[in-house]
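Got some structures for you, see below.
One chain, subunit A, appears in both complexes that follow, with subunit B as partner in the first and subunit C in the second.
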Partner chain A sequence: MTTMCRAFLAFFCILLATLPVAGESLRIKAGCLFPLTGPGALYGRDSTVAIKLAQKHLESLEPFGYPQVDVIVEDTRSKSLRSLQIARRLIDEDRVDFLCGVVNSSVARAVSGLARDEEVFFIGTDHASPALTSEDLHPYYFRVNNGTRLSMRAGAKYIRETYGNRSEPVKIAFIGPDYEYGYQAWDDLRRFLQQQGTEFEIAGEYWPKVFETDFSPYIQSLLRTDADIVVNGQWGLDFVTFVKQAAQLGLFDRLQFMNFDAGGNYELLAELENDMPLGLVLSARHHVNWPPTERNRAFVEEFREEAGRYPSYAAQGAYAGILAMAEAVRNAGGTGDKDRIRESLEHLTLSLPEDPDGFRSKMDPVNHQILQVQAIGKTIFNNSFAPAKVMLGDWRIYYPPESWPTFKNGS
Partner chain B sequence: MPLRANRLNLARRYLWGALVAALIPLVFIAALYDRYSADLVDNLVTNRVNANLEAAAVRMSNFMAVQVNKLESIVDLPDTTDFFLEEEGSAISPLLRDFLLLEVESPDVYAIELSRVSGETVATVPANRTREDPAGLNTLPLVQHGAVEILGPVLPGQGRPGWFLIRMPVFLNQQKIGVVSLRMRLSSLTELAAQLVEPDVYQPQIVVFERVRMTPVGTEAFSTKELARSRQFLPGWRIHLVEGGGDLEEPRERIRFVLLFAAVVSALVLVALFLKMSQRLSSYLVPLNEGAKAIADGNFNVPVSEDGPGELGTLARSYNRMREQLETLIASRVEVERRAALGGMAAGIAHEIRNPLATVVTTVHGLKRNENDPERRQMFDVISSEITRVDKTIGEFLNYAKPSPPVREPVLIRDAFRSIRTLLATSAHEKNIVIDLSGDSSLQIEIDPAHFSQILLNLALNGFDAMPDGGHLKLRAYRDGGSIHVTVSDDGSGMDDATRERVLRPFFTTRAKGSGLGLPVTKQLVETNGGEFFIESEAGHGTTVTLVFPRGSGGQQ
Partner chain C sequence: MLTAVAIAVDGLGFAAWLFLSSVGLTLIYGVMRILNIAHGGFYALGAYTAAWAVGLYTQTGSTIALTYLIIPLAALVAGVVSGLLVERGILRFMYGRDEVLMVLVTYAIFLILEDVTKLIWGTDSYVSYQPAYWLGTIDVFGLPYTVYKFLIIAVAIAVGAALYVTLNHTRVGKLLLVVIEDREVSKALGINVTLFFTVTFVIGATLGALGGALTAPEISVVPGIGAEIIVMAFAVIVIGGMGSIGGAMLGALIVGFSRAAFVHLYPPAELFSIYLVMAAVLAVKPYGLFALAESRKI
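Then we have the complex of A and B:
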């Protein structure tokens, strides 16, 4: 009887230890860095709205032991040095458990370096350069939005499916922003094309700077090439400006235009309205009209009710970031043991609005890059998501590989 | 002759002159335009683009000056000097690192490199942008520009953009202890020439020592026909303006051809237009010319067409009026002179013939009175009657040459008509002629009654003579507007045109015993009384003489 009593007491104690004590919910402190003013500010503002939605979602999960996340959002203005200084203050003064966010890959690389040095987790939600999950990778960095590499993998497959049966090699020109994100996107596309055995020729490489206002010399140069496809690596306002100027100069009449990572972002469709040409091949990390699941529709609608507009893909990244922190801390049992949190993050799976039925976003344990489905579409008329007049449709869906792809040189 | 006149007329000469005057500028302008379009590109480059080319070079100079200034700020920092004095492997101070990070936030700068004097790069900011040296680094152009060296450019390739280095040494006590380099975005420099692009016409190339050529977007360019070049904005660095790749020759040749064709067509149209105008003008001027010649030859019967345009029509109308007036003037002048001659002759006849005749008649009368032989008395009677006839003829002639002035008074036409019928009734009956009076019985005219009676009698007798086998003689009076018309017509033998033209000339007669003065005297009497005399006749159908008297002067009922 005594033995039984002891055993029962021991079991009860273990149960108490593993369950959060009622009324004493676990709280996580996160400092998120987004541009809230200047170029790219919309991404920051959408992320902030999505963070609120995620927090609301976590409140509903509190009875199931999910921790709540307190978030400090700071404006980076897309500047590296400013971001670094803000991140230092968040670590030193606010004592945050997690850094999160960052839209620009260059800024992200700087913040990631600081996170490594300070041993603070950095959950990337919106930047996409593969450098962060390869050459810059460290134990405290995780990314919960699809990176450029998976976009380019999907893009390479799309090109192969479309042009693979031709007798002569497909001629590809690339134009992307002049920084790591652009370089990596182009590197990856070429590598995947080679890996697939797609015969292609490079008809030109062009690197206009970020936030350029006049792309006409580049568009003129593209028009002088004999390319079949122009793959564009731009995002945000650059993409809008480029599309408007290229349409004026007749680029879309001459070449098939493709952008696999950010060109299909809802924000751009809304900005361009009727200026968005039809027949462009575009994708984004999240679409308001794909997957056609109840979960995605609910997320998009909830966001619209909160913000008065439809979400850009940045919202989905930030939403995933907050859920990822909560899930990891819940699995790790608190914020104290960083090794357990890392382990939990490395084996993280999440069910997100952007996941099609039967699929869960899954973290690659080696490269700390979440693996998600990529949907590539063509621009068609669709008035359902005003103010956009043109949306993506005619989808082709590309599931991620089992693990994040790496190349021979270790990148 | 008309052909010759046609060929040389003044209008044609003027028109040909005008044509030549129009064609010379046309040819001149066409030649000038052709020359201009032939040299279009060269002219454009020379006149318009050189200034832009120099402006782009100045922009590039300024861009480099700003970068050099930036580099100087880094080199002059004490932390920079300290960094090079530290042991190898030491880290950059946080202050210097933040300063360098701030500098590389410019999209024009990829990275800042800190190197030993030996060339070894010991630090790169940002750290993840360490340089991947291209093959052939040692063969890159290297120029000294003031205190800095410029290495490059390295053209884009292998998925990375092009760049060049601006290097500046760090000195301490006049000893070189290290080098700071800005790794610059190549396109930031080349884009400064983008404004010079004129698609398909010309485009700029940034040329370094004639061996590296770049487009405005920093990619490799190929040598092509150079149109202009700027000054050096760095030693060995220039902007060249080259042909734009578009085939300008073909459209240019086409434009030239079209322009020349248009000029030739214009000239031909001009010639055709002038020919047409010349023909048209001649068709109006030549008849005028011929008409004028006819008048000079005394022929007033050559009218000209009056349907010419504008002044030509007016000229033709004026010409015709002049011709008619001249004809009338000359005719009346001849008449005046003829009358003067007749008047003189009449005075002579009256004196030299009538007076002796009166003596002869008196003498014959005396001789007859004393003559008992009946046969001789009869002979005297014959002499007397012939002398009376001669005297009567002379009387008519005198009437014609020096008519007595009319004494006008209102005369009721009806009464005058009736007197004539009564006077001629017997004779008419003998000749089986019916005299018919008609018209407005109340009409009266202002006229000398004796003259009027003589006029009607002369005309009626003429009508009798024209109807030897009988017929109808009609006298009619009626009002027409402001005039009163009196007509005397017969349905006798009438006259042919030749006779009718001469019938009013004195001494013209178709009768053996006619004096040839009846109708001229009658016409003269009508005109003396302010009337007009018209005669119409057709051979075989009869003659109508119409007298027109004005109502006002001729009286009223």
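Then we have the complex of A and C:
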């Protein structure tokens, strides 16, 4: 056998070894970080259920060339250092193609920094701070749940529609968690109000710590203001605690309460049951009763069958995250070429249960933030989704802009 | 005027909670010279036991009035059981060891108690608002306050007074002061020092549990509340002087009013305010307001 023949044979063998076997589907390995214990654990548990649903959905799409996603879920306990250690292990030992998940924005910033250094894609599914898609942004970070900025943009429009015709400026007090998410939310709301020309005055700003157990001094202080609206930035258990204490002290009788990002989450409506006051203006990144489409109804029902409860909005984010990975890798033709995957993610469009008819969630190619519709509703009596007794209704719908909104200073 | 009222009432309410939560800590330090970090664990156990028991009881649909009996009972059970287990099971083998070692030992116990609460009650939150709701609210110059808040203030005053009277005007209190002054001489006089240590530790643990149990109807009981309170309680007893019950009362008032003042006047600095006050006091009185550098005092 000549040297040329041997070389050809060797090349042929290598080629055979690297080609996928006929019929074998492309597989993606993802490592998802969620809090599964401690505060925020429900979001992690819901995300885990949603990942299963997404995997099932992808199985049905396998004949159409969709890759399957193998997912390792790890418990972060909402702690940054622990999350970093887990993420490092997922990258070094498990060799994951994607990191995903993370509920807390501060934890997400830490994980995002590692993803940048290690050049591994990080698909954010449940945190919402604009910092990750602005000053922290890097080529390996993408977020597939609605960001706080879009919630605040919708909130600013809601305030303008409701109070814009008054002769005097609307007085707004803000209370939010004392970390980056809260400050960003308030900053964005003010900027959108200014941008759209809404005249407003700040009647007070309050920053209780995350996982505060006693809001009563802040509620007393809010009661002393002459605010028309109190905009609240709490989420999860903090929101439940705040609402219970505020209801007892009569805050909702005196001020219009609004929470545009997380207060309308189903999990909170279920937790509060009859204690959820009527007439609060709330929103969330996904609603079990909006949009009223067959796709959303099926997702919600499938989740309930799997988990025995209705989903919080975290489920939708995790579901979207798995589909986003599959779509991107499918379009890129595999997991090997990171530039092609990035390009694919930057031009990603997804049809999700949370999309109303005729709309597809789409990625902003510059800021790597998915753009989705935001629905804001009022709390009304509705016991169709037990154990919640009060749901959102009387919806106002806000479509996203063509691209991720930025402000004059570039942020 | 309204701001002053809000600061006064909120400050007093916060101080009462802090005093109830920290007085057991200072009592144990004063008598046993143990900086008991596990105190946060007793607080959490008390809060969880009370919230769980109140929740269980209210599901029966019976009158809420009985919950005011259930809350101290829950604290008593949680405090006595856990206090006895910790003191008899671990600490009695450590007496006489270095204070720093005791800090590490009690820190380990604290971590164990944190996990015990998670094992028993899980990681979800417990809310038992019924006792606070049932008493309703009263208006103080137009600002609504829960009557329950004033109940906590009254209990804090009662606990402080009871401790003062017991320590200064009863035979047991005087014997305790002798034990504090000199263990060896006390033993020589026939005082059962071991029993005094056990009883003191159990009372301290029960007071911690009572702090948690009484607060439970006003807060959401979640994992981590023990860690939150131990930091605050240390600030209170360091300001007042470690081992001094009067100091704990004064420390609680200082921290309570400063926090309330910052919440109402300059909210962004509220969390920082506690440490600012502590640093300011320690700069002037390094051993706290009531403590003497070289002697034990209670």
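In the analysis below, the second predicted complex is superposed on the first by the 389 of 411 C-alpha atoms of A that agree within 3 Å, B and C clash if a C-alpha of one lies under 4 Å from a C-alpha of the other, contacts with A are read in each partner's own complex, and residues count from 1 in each chain.
By our rule, a residue touches a chain if its C-beta (ideal position, glycine included) is under 8 Å from a C-beta of that chain, and two chains touch if they have at least 3 such contacts.
None of these values were measured; they are calculated from a predicted model.
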{"item": "Fit or clash - subunit C, subunit B, common subunit A", "value": "clash"}
{"item": "First, second, both or neither for A:Lys56, with subunit B first and subunit C second", "value": "neither"}
{"item": "Touching partner for A:Glu180 - first (subunit B), second (subunit C), both, neither", "value": "first"}
{"item": "Partner chain(s) touched by A:Ala110 [first = subunit B, second = subunit C, both, neither]", "value": "first"}
{"item": "Touched partner set for A:Gln248, first subunit B, second subunit C, both or neither", "value": "second"}
{"item": "First (subunit B), second (subunit C), both or neither touched by A:Asp136", "value": "first"}
{"item": "First, second, both or neither for A:Arg190, with subunit B first and subunit C second", "value": "first"}
{"item": "Which of subunit B and subunit C A:Val240 touches, first, second, both or neither", "value": "second"}
{"item": "First (subunit B), second (subunit C), both or neither touched by A:Ser80", "value": "first"}
{"item": "Touched partner set for A:Val210, first subunit B, second subunit C, both or neither", "value": "first"}
{"item": "Stretch in clash, subunit C with subunit B, out of 38-46, 254-262 or 290-298", "value": "254-262"}
{"item": "Interface residues of subunit A shared between complexes with subunit B and subunit C", "value": "178, 204-209, 211, 214, 216-218, 220-221, 224"}
{"item": "Subunit C partner contacts - residues on subunit A that touch it in the complex", "value": "37-39, 41-42, 178, 204-209, 211, 213-214, 216-218, 220-221, 223-224, 237, 240-241, 244-245, 248-250"}
{"item": "Complex contacts: residues of subunit C adjacent to subunit A", "value": "2-3, 6, 9-10, 13-14, 17, 118, 123-125, 127, 129, 132-133, 137, 143-146, 149, 215, 218-225, 228, 259-260, 263-264, 267-268, 270-271"}
{"item": "Residues of subunit B that touch subunit A when the two form their complex", "value": "98, 101-102, 104-105, 107-108, 126-128, 156-157, 159-161, 185, 187-188, 191, 194, 197, 199, 215-219, 245"}
{"item": "In the complex with subunit B, residue positions of subunit A that touch it", "value": "79-81, 84, 106, 109-110, 113, 131, 135-136, 178, 180, 183, 186-187, 190, 204-211, 214, 216-218, 220-221, 224"}
